[in-house]
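These notes concern the structure reproduced below.
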Amino acid sequence: MSAVLLIAIPILAAFISIIVKKWSPYMLLFVSFGLVILLGYLPFEIITIGGFSAPYGISLVVDNYSYTALYVVNVLFFLVAIINVCNYKKLGTILLVSLAGLNGLMLTGDLFNLFVFLEISGISAYIITTTNKKPLATFNYLVAGTVGSILYLLGLIILYNMFGTLNMQDMAVRIAASGATDIEVALPFLLMFIGIGVEAKLLPFNSWVKGILGHSNKLTGPMIAGVYAAASLFVFGRLLTEVFVISDTFMLIISVILAFSILAGEAMAYSSTKVREILLFSSIAQAGIAVLIFVSGFTGYAVLFISLNGFSKVVLFLIINHATEVVGSDEVIDLKGLFVNNKLVGASFTATVLSLLGLPLFAGFFVKMGILSQLFSSGDYVFPAIILLSSVVEGVYFVKLLTKLWYKEDNLPQVKFELPLVYLVVVISLLLVVFGLYFEPLHEQALVLVNHVKGVIL
Amino acid sequence: MLLYAAIILMMLGLYGILTQRNIIKIIISLNILEIGLNIFIISIGFVNGGVAPIFTGQNNLGSIGFVDPLPQALVLTAIVIGVGTTALGLALAKKIYAKYGTFEIDDMKGAE
Amino acid sequence: MASLEFLVIIALLGGVLAYLVGKLSKVVGASLTVLVSGFIFVSVAYFGLNGSLDASITYLPFVSFEATDLYLGTSFGILVTFIFFMVSFFNPYFVDKFKYPSLYSMFYLFSLAGVLGVFFTDDFLVLFFFFELVVWTSLFLIPLGKSKKAASWYYGFSAFGSFSLLFAIFVMRNTAGSFNINDGLSMVGGSDQILVFILLMVAAFAKLGAFPLHIWLPKVLGNSPDPVTSVFSGGLEKLGAFVAVMGLVKLAPVGPVIEAIDMALGQYLIAILGALTIVFGTLMAIRQDDAKKLIAYSSMSNGGYILVALTLLNDTSVSGALYHVLIHALASTAAFLAIGAVNRQTGTTKMSELGGMIHKMPVTYIVYLIAIISMAGIPPMGGFVSKWLIFQSVINEGMILIAIATFFGSIGSFLYVFRPLAALFLGQELPEFRKVIKEAPFFMLLPMIILSGLNIFTGVHPSVILQYINNVLAELGVTELGITTWTLSGNNGDLYPALIAVVFGVGVVIAFIIFIVLKKSRKVDLMDTYTAGNFVYTEELLHYSVDFYAPIERLYEKHINIMKDFYKGIAKKVQEFGSFVKYFFFTNKPEITVLWVVIVLGILLLWGDLL
Amino acid sequence: MIISILMGISVAFFGFVLQTSIAGVNRKIIGRVQKRYGPKWYQEFLDIFKLLSKRSVTHGWIFDFGVIMALGGIIATAMFMPITNDLMAFPGFDNFFIFVYLIAVGMLGMAMSASGSGNPLASIGVMRALTTMLAYEIPFMIIVLTIIKLTGHSSLSEIAMFQQTAVAGLEFSGTWFMIALPVGFAVAFLSLMGMLGKKPFETYIAPAEIASGPMVEYGGKQLGMLFIMHEITVFIEVSLFVHLFLGGAENIWIFLIKYFLVYTSVNLISNVNGRFKIDQVVVFFYKWPLLFAVMQAFVAIYLGWVI
Amino acid sequence: MESTKFSLLTKEEVDRKWWEIGDFFRRNSLWMLMYCTGCCAIELPPAMTSAYDMERLGMGPMATPRQADVLLVTGYLSLKTLRRLIYTYEQMSEPKYVVGIGSCTINGGIYHDSHAVINQLDQYIPVDVYVAGCMPNTEAVMNGFVDLMRLIKSKKANGWKKYHKNNEWYKKNQIDSLGEVRVKDEFHD
């Protein structure tokens, strides 16, 4: 039982489902559930495809980092799939292909292979977003995504030209050995940074996000904001920790981009009146924070942050998108008093928001404390200040949103949440509360990941 | 020399995407960008006086200056992916045309 | 041997239980809060006073308490739990008017748990954990009242305060290596110490509602439901005082010493800000028409007193500050409860709509009278002792500007506390309330009477409590206040509070004898007054309550909401910045991303040779 | 304890008798100033006892309780007042702040019963009284702050002793503060006129505007008791002024002379003045008196220039 | 036989003694209500100024009926003024005295045949002292006050007792001529 099955099974199921159209949704469910079970027995090893050793063949790396990433992405994928399987039947094959692409992204140890899986998951993402009925927005996404991956490929090729290898670990070793000055290495890394940055929603490169998530539905919202966001941030993390050598000028540009992305994200969320816009701008800010942590080198808490963020975004977007479908518009005024007569969903929405804000009794608090303590211990005072300031602004607009959603007397929006969604949402928010109170496992997971040193396979 | 051609093509592609308002023209400039990139990848593998990297009867020794085979393999996948994206782009263009009746982004009403 | 951790768990579980019971019947759920907070107060007070609170931890994962010689935490803890217990009597009566009654009881007990945690821990991270818990649980209590926007104002300011506290905690951890409070505060030095001082002061100002960060106080206290307002002004503001004590007393004075008044520059700036808080609080309180907003501004100005007293760092001032914390808690809670009782009967606290409440609610009137006597600092009540101590220290240091502010505050407090008394309770009895109103039920009167009894006790025999405060002074390393069983000795004079009360009693007896000996007067209806011969039949005409202090208000009418516009301006700036970025980065054109990619690439390429 | 309380009551009674008779004498002096004979010297006593003998009206229990509390508070304050160096009821406990704040009890009692009477004119009168108090109190307190800072004591008798004998150790002892702090004396004199409610600052008992302000609804014994309270308040404020600025008194005669001089001078000045509007009173006290008070305090405390 | 030197006074004797002492004080500090109805009021300022100096007798003006003892009715009384006068009279604290100045209060004076003025004040409220003269001289007014003092001394100035005793008579007269004393909306009827 090796990791390749994680990619092979979904691809195989995708082709079969083309032939047998009407079974594709059930096959989707069966495969994604199967993969989640399969993950239990995955050995930690490097699989070289076709026997060629590292620099020549493609290798799949299964270490602690990619194992956690796989777990999060597959579980999220499965949850989103269950909710949306009944009313998006014809997307079965596409979802299977995107599942394969995502698993490939997590596993691959080879840079060009990463480009290929990036494109596969990207194209399936474009197709998924066509369900938004906004073709122009999807077109933007397509153009942005393709340009991003082209730049990534360009950077990749320059690196290959300079160091002759495409394997991540090998590349890291060769860069260290060759003693290349940081300036020379800066251009390819910046190109790759921009390439992945488009997908990871960093500010200057994410103009497509507003179009896509602004008009998302119950499938594209959680999928893009939850699953794909988590996946792209994991990839970003792997690249930043494994391969990149960041010189001080390059670091300056990245930190300016990140700081701007965090603060501007919060400001935009503060200034928007549509609920979905508030959520998407706040997820832009959170993406900025995640990349910031990776750049400062604390993979442990970054992974926890991304997974928590992924789960919360799935919950938030599911609830809001469902409500928008029923009410017809996602303006805050129209959704006012949404939770008055569905209290359970409201309670879980509130719990998830509070965990995002990092308030005590919720898992978000522990992760935020971990991030801040590590940032402070590395003697950096500027970024914690930015993070704290942004969480104040974030707190204000989320509280404003919550009070509006909970308090309204007359003509409340008639929204009914069906059972599976309610169960999913309540389970996740309970998880957040449980991990908030008893966060020993989170602590160990963070410690295990912290000593995931560059180039060493655990 | 091939390198410079590739870079010029890529600049042309980028320029095309930046300035064109027509959906189809954007897709075409996207293709130009990809072709530029593929040529760039090919030019990386060039070895002066190299021979096509296929083992035949007379040149099966490692010492003969083979041209680097790896970029050519990469280009193959890159081209296929380029085709994939262009196909999806055209499908979207058809849908946009069906919805807005024009390819010009500027005069698409209600695009927001 | 009540263990603190056991109490915190009881509070949390009690909250959940209150929620569940609340689902069945609102009133039972709310009365559960009375039982739980009562139990917690009794155990904290009983075990805390004879120092036998055990701090062992079995269940809560990373929490660490410490209760042995922690007098500061115990005194604050007992005070705030007492306020929670007293106010909880009001819950059953008010809970049926709330939109989410069971949630109210749950969050009420959660904030109690948070408060308990803050005062009894010696570890900064645990302090911040409970600090934030209090913030967000009390946050959801506010919208149950009139205004929803108040909650976001409250969260904005207290989040700003608690995050600056967090920043200070981590800065201290860098030097001290561990999260221990005492090491952290003592070992931090140099430029870090200034940074920590500023941040702690920002946290204290945000929570206390002092001058620069005071906008949320009247909005929140004015609009939230009555029990919540009393808990806020009596209990939750004391968190700010607790952080202020940490920042001003435990932390060594910051900045160069000004030799004229031998005070550190940092302390002097805080004293100036405290003085400004007093003046602005008083000025704004004088012109309020809503009684709750008026008392809210009064607690803001009393917060200013506490800050001024804490910065002077001699025996009378710090003991005066701590005693004032106690007095202000008791007096303002009693005042808020009294106004709450009126609000429950009439439905409004606007003074222009009320009048003559004394005829139907005499006990509430007496409670309010005793509360304002203490708030104005008039002798028989506790307020006089604490204000006397603060004046002793201010005069001893010879700081003229701050003395002006304190005198203005104490006389101004007499003015604005009298306004509700005259406009709300006395004056003509308005006809629409005459039939409807009846005295508050017994269980609402009970806490009010207890609080007024305490107000009197703290005024007549203060040395009992001042004795305990001396232990706190010893713990803080400040020289102790000279107390004998009955008299206090300040810097330049002694005070015999019991004697004043006795003499006042004697005076009243003499006046009563004069009154009784003479002929009995003829009882006349209120409407039969001297109206220069005109016949007046409507009560509203003869009730003077609108624009009570018109001559003073006219002086500063034009520039009242400078600070409010300042903060609204900031909010607008953030909004503009957001829409500006949105305009630039999120148009619906595909080439935007490519444009920014090219720009970033250009910057890096040109970086090398340009800079 | 009982003896000192009896002593206190006798001090209060002495204060009442002294002030009432001096007030009668003053009415005679004012009469003479206006070229008429003026009433008998004991006219004030006659007025008070006439009022006590009349049967008047009450508006409810708060109306009466307020009057009792007012008179009781003022009697209590008077009991603390030292007459001469050794003639005082409670040696060592006659702190300055007790006087300032116990007078506030009297004020509160009267204000409470006035508003309880239900007459709008009374409430307006009370509002004006409190506003004027806010105005004249601040400069007075600043000057007293300087005195307490210079003498190091806040009890009246010590301050008086400080001014009488020149003690070697203490720097400014021996000279009356009237001479030592001339500007302070002038400001305090103005605030004393405000405290006594004499003509320029008589806005709260303005008979023409608000029909004698708070006293609108009082008649008979309530008014009589308020008159007694007014007399004792004047006694407290004037003797406070005497102790703070004129160096107290070694024996009773000096006290009587100083007391008479101060009260008569205030009365004479007040009789030639018209009446301020209420806004003018507040603005007046916050312009020059406050400025001079702060200047005097700054000069005296920090620069030490005391004559 | 009991000793005559010191006999225990009965209750009424004690009261009477107190009343006499009270009369001494009431006599020597008469406060008049500044309520001038007609033209004879012009005589009062000279009585207060230095020429005649009313203060000498212990008299002084007071602002409200609650505080005043003497009600000076100076000059003619129209129906509207009479209503206010009666309302003010009832607001005064006992024992109270009324001094009718000018002939208009005695028999209507020069307006005796006018439709709007009452002729005899005595019908409506008890009057203790009259000062005759169509605008009596200030001396006459002062003399009236001294007469009032003498009446108080000899316990004859008990107009207020008469008002209590035969109250119905006074009320009937008032209703006859005025319709009703406490009118609701006088200016529009």
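We just call them A, B, C, D and E in the order they show up, numbering each chain from 1.
Everything that follows uses one rule, which is that a contact is a pair of C-beta atoms (placed from the backbone, for glycine too) under 8 Å apart; a residue touches a chain by one contact, two chains touch by 3 or more.
Since the structure is predicted, the reported quantities are computational estimates derived from the model, not experimental observations.
Peer 1: Which chains, if any, touch chain C and chain D both?
Peer 2: Joint contacts, listed by label: E.
Peer 1: Just tell me the minimum hop count from chain A to chain D, counting one hop per pair of touching chains.
Peer 2: Minimal hop count between chain A and chain D: 2.
Peer 1: Can you name the chains that touch chain B as well as chain E?
Peer 2: The shared contacts of chain B and chain E, listed by label, come to C.
Peer 1: Tally the contacting C-beta pairs at the D-E interface and at the A-C interface, and name the larger one.
Peer 2: It is A-C, judged by the count of C-beta pairs in contact.
Peer 1: Farthest chain from chain E, going by mean C-alpha coordinates, please.
Peer 2: Between chain E and the rest, the longest centre separation is with B.
Peer 1: How many Å are there between the centre of chain B and the centre of chain C, using C-alpha atoms for each centre?
Peer 2: Taking the average C-alpha coordinate of chain B and of chain C, the gap between them is 68 Å.
Peer 1: Please tell me the distance, in whole Å, between the geometric centres of chain C and chain E computed from their C-alpha atoms.
Peer 2: Taking the mean C-alpha position of each chain, the two centres sit 59 Å apart.
Peer 1: Just curious, how far off is chain E from chain A if you go by their C-alpha centres, in Å?
Peer 2: The separation of the two C-alpha centroids amounts to 98 Å.
Peer 1: With centres defined as the mean C-alpha position, give me the chain A-chain B separation in Å.
Peer 2: 28
Peer 1: Mind pulling the chain A residues that touch 2 or more other chains?
Peer 2: Answer for chain A, listing residues that touch two or more other chains: 136, 139, 143, 147.
Peer 1: Return the residues of chain C touching two or more other chains; collapse runs of consecutive numbers into ranges.
Peer 2: 530, 588-591, 594
Peer 1: Considering chain E alone, which of its residues make contact with at least two other chains?
Peer 2: In chain E, 64, 66, 91 touch at least two other chains.
Peer 1: Among the chains present, which pairs are found to touch?
Peer 2: A-B, A-C, B-C, C-D, C-E, D-E
Peer 1: Quick check: in the complex, which residue numbers of chain B touch chain C?
Peer 2: On the chain B side, the touching residues are 14, 17-19, 26, 105, 111-112.
Peer 1: In their complex, what parts of chain C are in touch with chain D?
Peer 2: My answer: residues 260, 356, 358-359, 365, 369, 373, 376-380, 384, 387-388, 391-392, 395-396, 398, 400, 403-404, 407-408, 411-412, 414-415, 418, 421-422, 426-428, 487, 490, 492-496, 499-500, 502-512, 514-515, 518-524, 526-527, 529-530, 532, 541-544, 548-549, 551-552, 554-555.
Peer 1: Flag every residue of chain A that touches chain B in the complex, lowest number first.
Peer 2: So the residues of chain A touching chain B come out as 112, 116, 119, 123, 126-127, 130, 135-136, 138-139, 142-143, 146-147, 149-150, 153-154, 157, 160-161, 166.
Peer 1: Within the complex, which stretch of chain E touches chain C?
Peer 2: Where chain E meets chain C, its residues are 35, 64-66, 84-85, 87-88, 91, 182-184, 186.
Peer 1: For chain A, which residues count as touching chain C in their complex?
Peer 2: Listed in rising order, the residues of chain A that touch chain C are 136-137, 139-140, 143-144, 147-148, 151, 183, 186-187, 190-191, 194, 198, 203-211, 249-250, 253, 257, 264, 267-272, 281, 354, 359-361, 365, 369, 372-373, 376-377, 379, 381, 384-385, 388-389, 391-393, 395-397, 399-400, 403-404, 406-407, 437-440.
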